[in-house]
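Shared between the two complexes below is chain A, which pairs with chain B and chain C, respectively.
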Partner chain A sequence: MSAVKAEAAVPPAPRATALGRFFDNKNVLGVVFVAPAVLILLALLTYPFFLGIYLSLTDAIIGRGGHFVGLANYTGLLGDPLFRLVTFNTFLYTTVACTCKLILGLALAIVLNREFMGKRFIRAIVLLPYIVPTVLSAISFWWIYDPTFGIISYTLRHLGLIGHNIDFLGDPGLARGALIAANVWRGVPFYAIGLLAGLQTVPGSLYEAAAIDGAGGWSVFRHITMPLLRPLTVVITMFSVIQTFADFQLPWVITRGGPNNATHLYGTLAFQRAIQGSHLGEGAAVAMAIFPVLLLTVIVSFKNLRRED
Partner chain B sequence: MRRSPARLAARTATFYLPLGAFLVFLLFPFYWMLVTAFKPNADLYNPRLSPFWTWHPTLDHVRFLFTQSHYPAWLWNTTWVAVASTLISVTVSLLAAYAIQRLRFPGSGGLGIAIFLTYLVPPIILFIPLADIVFHLRLFDSLWALTITYPTFLIPFCTWLLMGYFKSIPREMEESARIDGASWLGVVWRIILPLSLPGIFSSTIFAFTLSWNEYLYALVFITSPERLTVPVGSIIELVTGDVYHWGPLMAAALVGSIPVALVYSFFVEHYVSALSGALKD
Partner chain C sequence: MGDFRNRDRAPGTPAADRPRRLTRREVLAAGGAGLAGAALGAAGLDRSAGPAEGAAYGVPGMSLDLPIERGASLRVLRWGQFVPVDQPFWDKMTQAWSQKTGVKVTIEYVNWPDIPSKTAVAANVGAGPDIVTSFFDDPHLYPDKLVPLDDVADYLGKKYGGWYDLCRAYGFNTPVGHWIALPMGTPGATVNYRVSWVREAGFDAFPKDIPNFLRLAKALRANGHPTGFSLGHAVGDANAWTHWWLWAHGGKVWNADGSAGLHSDGTIHAIENCKELYSTMTQGVGSWLDPDNNKAFLSGNISMTNNGISIYFIARAQFPTVALDMDHAIFPVGPAGRPAELQLMPMAMVFKYSKYPNAAKDYLRFCMEEGNYDQWINTTLGYYDATLRAYENVPVWNGDPKVKPFQYCLRRGQVHSYATVPGPRPAAAHAEYVVVDMFANATVGGKSARDALANAEQRLARIARG
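Up next is the complex of A and B:
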């Protein structure tokens, strides 16, 4: 086999030319190969990132470069009661939604880790909420929460639990809950499939050893499953926290930030100020507010992972 | 003995009931989409009828979508942008991932980490400066604005995913080919490319679904109704003032979800293993 290969490769013609030899250098080829990706990311990710920081220090509006105003946008935001409310909303949304997603995702992963008929099929359809365009499923939630024709109100009314329809998106507390529910719905499959992959790597011999030692279900979970699952849980949660904290689609489609700004998040506020209000500078400052949390999340999760090694 | 009633009861309580509850929770919005999309308006807005079912399914809403709205154009635009940005991203990522994972030139390790970090930057931090850039490039309200900006979130993800695949290809295969006199380009073309096909498949599916689902950039960079994408157009055009055209809206959501669901169903095993693999590394 290798003799045939060697024979086929005997004529070294392609490598003889100077150009051919140049491109056969590992370092040259490496640089040539990464260049397109690096150039695209530098031009459309790194540069915009710093441009964003710069814009947040100006009074730019759409189509006109602004003047440097120092930290005026940031100090303005700190004194803005709406920004403070939005900060509260964003932290509340992220904390509650990510906690629910982690608990439900772990529960679903444990259920899916059992052996049963049609496991592959169930595992596939369970991922659907995560696959389908968020905005399109948000439309479905919008309609589920509709004050007149909403299906939850209808069901509760027919069960005799409530007398009148509930206006889920009209009450600040309910709207927050409704939005979090939609976020949890979308995120649970991601946690579940990720954690399921982790569960499947736990060696069966560990469980057998624990069973011989007479360890109960909870004790096995607490002392074997959880420690082994921790690094993966940290990574999944980090992704989810970043995405939830910077969420835009769900609040924008389902509540538009209302009622009374109860579901206004950093994402929706940045969009409103920069695009609808055309104050790019102010919007960029709002968007930059996300960055410290992004950085902190990454640092905390990397620290967590390193301790594990 | 295995099928004793007590065991069955236990299995029901700890397995069937939770699984059933999860399935209802996760799938109900799709069922609701499906029923509403095919329900005639007379049934849709009649509070006395049970909303869970319809005895008079109709294609009116789908027909409305394809004849009275820009939906066909949105479908085309979304497909075009998704295919173009996926092609660009997968090609570019394939080269980059191979170079970082295998060629190991000076600085490749740091570059790998840098690309991973760029994946964590959410679009909400970038959309304002990108709007400024798109405006200055005179690409505002053009599909090219999306085609060039989508790779910013596709490339980091695909590169990362493909790096994982390259890690799993044994080095000996490359080395023996090198000894046999193959050039690096030859190694990539004849050995690496065929072996990494599953990885290329998965990153293509991921990239396609991610671009199909994108909302923020399309909302900000495109303004003409006939140039919108499915997610943006559906929300803008099918809600007129305070009137929500629920039937067409649900039909739009359903039809817009089908391409992604189809792509996904063909490659579901790849998708699941890629998602799990990408997380584990």
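Up next is the complex of A and C:
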């Protein structure tokens, strides 16, 4: 009875206004909530993306609207030896850097997942390379690799391990390696922290069961840790591949694409041709050349994830 | 040039041919300071007086009346200073004009290689600084978006002995038939070398031709003093010396009709000689950016490089033994038989979107008038060459003899699009380092001269197709 009385005491709901009824409609409310995000995506992603496609089909130069030239920019790139070299550089850079980052990042995550003194502090420190602005870390590496004053050569020379400085940035092979090392240094925390989060979601009971069954460390890693981490690893690797493939700041600051164009990547070539060389159409075509690769990466990643599901 | 007496050596200073070995930390500090450094004053070089009445350089009585728009204000995008006395003087000069006209001027100083991209954005969106000082043929990328400057250019030219041919080539756009930009002053480049080491190599005077220049380079290397010329994407230094090298051997990138002109015996000769020169260089030049040769020279790692006067400035301030033992020489003449140098050229342009074109033009006129422009050249101690002939003999050139080789850079310079007129295609070839990469391919990359040339031609053909 008291419950009935209490219900009766509740004041009647005010009559909804027309605007209120309009927003009470779930379909309308959904659209209203999503609209800002959609508008931002349209303005900041979709429009520039389609503008890029359009520009890549024109002969536009800075300060002058272009004419439609079809696929001429793309066919021109196929016959361009520099573009072919840049394609090789970019694939090499991305493949080696992402593989190293994955291995090192996973190793670091496993170490950080263990109990040790100062664990929180170390975890915070590990993030530093990722937090430091890319340009600053690039300038640091530029000095570290300096052919005359680089700290690595200086130290090794004073330890008597080398007779003369290492030409990190002057030799094409070494320059590629040096740039990849800089990228790995910067990118490892992204993997490590991401995978660490994944490791912490693995139920401890699984490890206990494995221990009871007498599984060794490698067996546990292979049959428990890796399978459970795989979806997260795929996502992290996908993001990393996209970032590495489109890298610009590190090569631009450290080498400007040298020596002998050995570290020229799609990003630096697109900037050089579109902005410095003023050929917007051709620069856009170089930038769009990245797109199929990135699209493929996303498709493969999501297919992999779906299979996991 | 060939006088190797250590004219600046103070009594009791150590012999220049036994320079103190610089520490890594000293050179890092100098390099980190952008090399020009703030220590000019300490070297006794700070003569930054404000604008003053100058000597008589111009035709008396000439004036140009440009009615300044009511309520005008100006935004100026200018290159950041190479030497620390530049910006303070420019600011004082600007203040003097503002006080005279009541027009507020805001100047944004930017690292010079960043200006073309900012200019490109301004040109494309139709908004930005009223005046932009970009480089080389940047104005020729958007001639129809710029305010014609014929009145100011004609006035200044007539009053001050005319513009150098090189300046006219950069400032006047033939298709639109107007002056579209004013050349503001060239930061001249020469060969920087160590006097004692050149003497030790058996040369009493710095070579004036390429064969002797190569002999000197080899002798220096044999004595343990390698040379160093950038073969990386150093926008200023690498482009400057490789274009000189190509032109000096009779090669060129463009024909007069605008077609690609790289294929020639002169180019092959230049590449083959470059391989010889490369064998005398220190390691790492393949990746050198603009500051790297400065650092290497100041550290005593190299005996010879190409640069503006900034190495000497910083040496006087922080490395006196290097300053005493270094000198400058004009680039040797090659088989082409005449001087052919690529000199940096800042160009001031006024965009049509500016609401105050007359104010902008009057500001530029004021900066280049007697009492201002000659003082700027003097104050910056030879870093800039005046672009108007009447200012060619301002007092700075009669001071320190080591500055003298920079005096006539504009007489020896060629437009970077040589032998055609400036425009988008030469700009693209320059921005893409086609010439630098050609020499780098043959040296750092180890390709034959013909393969390096073929590769460059392929790239040039793509650019020439537009």
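Just so we're on the same page, the second predicted complex is superposed on the first by the 292 of 309 C-alpha atoms of A that agree within 3 Å, B and C clash if a C-alpha of one lies under 4 Å from a C-alpha of the other, contacts with A are read in each partner's own complex, and residues count from 1 in each chain.
Operating definition for what follows: a contact is a pair of C-beta atoms (placed from the backbone, for glycine too) under 8 Å apart; a residue touches a chain by one contact, two chains touch by 3 or more.
All of these numbers come straight from a predicted model, not from anything done at the bench.
Participant: In the overlay, work out which of chain B or chain C sits against more residues of chain A.
Facilitator: After superposition, B is the partner touching more of chain A.
Participant: Contacts for A:154 in the overlay, against chain B (first) and chain C (second): which applies, first, second, both or neither?
Facilitator: A:154 contacts both chain B and chain C.
Participant: A:175 in the overlay: touching chain B, chain C, both, or neither? Say first, second, both or neither.
Facilitator: In the superposed model, A:175 contacts chain C only, not chain B.
Participant: Mind working out whether A:205 is in touch with chain B, chain C, both or neither, as first, second, both or neither?
Facilitator: The answer is neither, since A:205 touches no partner chain.
Participant: Looking at A:266 after the superposition, I want to know if it touches chain B, chain C, both of them or none. Which is it: first, second, both, neither?
Facilitator: first
Participant: Which partner does A:82 contact after superposing on A: first (chain B), second (chain C), both, neither?
Facilitator: A:82 contacts chain C only, not chain B.
Participant: Tell me which partner A:143 touches in the superposition: chain B (first), chain C (second), both or neither.
Facilitator: both
Participant: Based on the superposed arrangement, let me know which partner A:258 touches: chain B (first), chain C (second), both, or neither?
Facilitator: second
Participant: Under the stated touch criterion, which partner chain does A:49 make contact with: chain B (first), chain C (second), both, or neither?
Facilitator: After superposition on chain A, A:49 lies in contact with chain B alone.
Participant: Which parts of chain A are touched by chain B and by chain C alike?
Facilitator: After superposing on chain A, chain A residues 62-63, 143, 146, 148-149, 154, 275 contact both chain B and chain C.
Participant: Where on chain C is chain A touching in the complex?
Facilitator: Touch residues, chain C against chain A: 24, 27-28, 31, 116-117, 120, 123-124, 141-142, 144-145, 231-234, 282-289, 292, 295-296, 299, 301, 424, 427-428, 431-432, 437, 440-441, 444-445, 455, 458-459, 462-463, 465-466.
Participant: Give the list of chain A residues in touch with chain B in this complex.
Facilitator: Residues 2, 5-6, 9-10, 12, 14-15, 20, 23-24, 26-27, 29-31, 33-34, 36-38, 40-41, 44-49, 51-52, 55, 60, 62-63, 104, 107-108, 111-112, 114, 116, 120, 122-129, 131-137, 139-144, 146, 148-149, 151, 154, 185, 188-190, 193-194, 196-198, 201, 232, 235-236, 239, 242-243, 245-246, 248-249, 253, 266-267, 270-271, 274-275, 280, 283-284, 287-288, 290-291, 294, 298.
Participant: Spell out the part of chain A that touches chain C in their complex, as residue ranges.
Facilitator: 59, 61-64, 76, 79-82, 143, 146-149, 154, 164-165, 167, 169-172, 175, 255-261, 272-273, 275-279
Participant: In their complex, what parts of chain B are in touch with chain A?
Facilitator: 15, 18-19, 22-23, 25-27, 29-30, 32-33, 36, 44-45, 47, 51-52, 91-93, 95-96, 98-100, 103-106, 108, 111, 115, 117-118, 120-133, 135, 148-149, 151-152, 155-156, 159, 176-177, 180-186, 209, 212-213, 215-216, 220, 230-232, 234-235, 244, 246, 249-250, 252-254, 256-257, 260-261, 264-265, 268-269, 271-272, 275-277, 279-280
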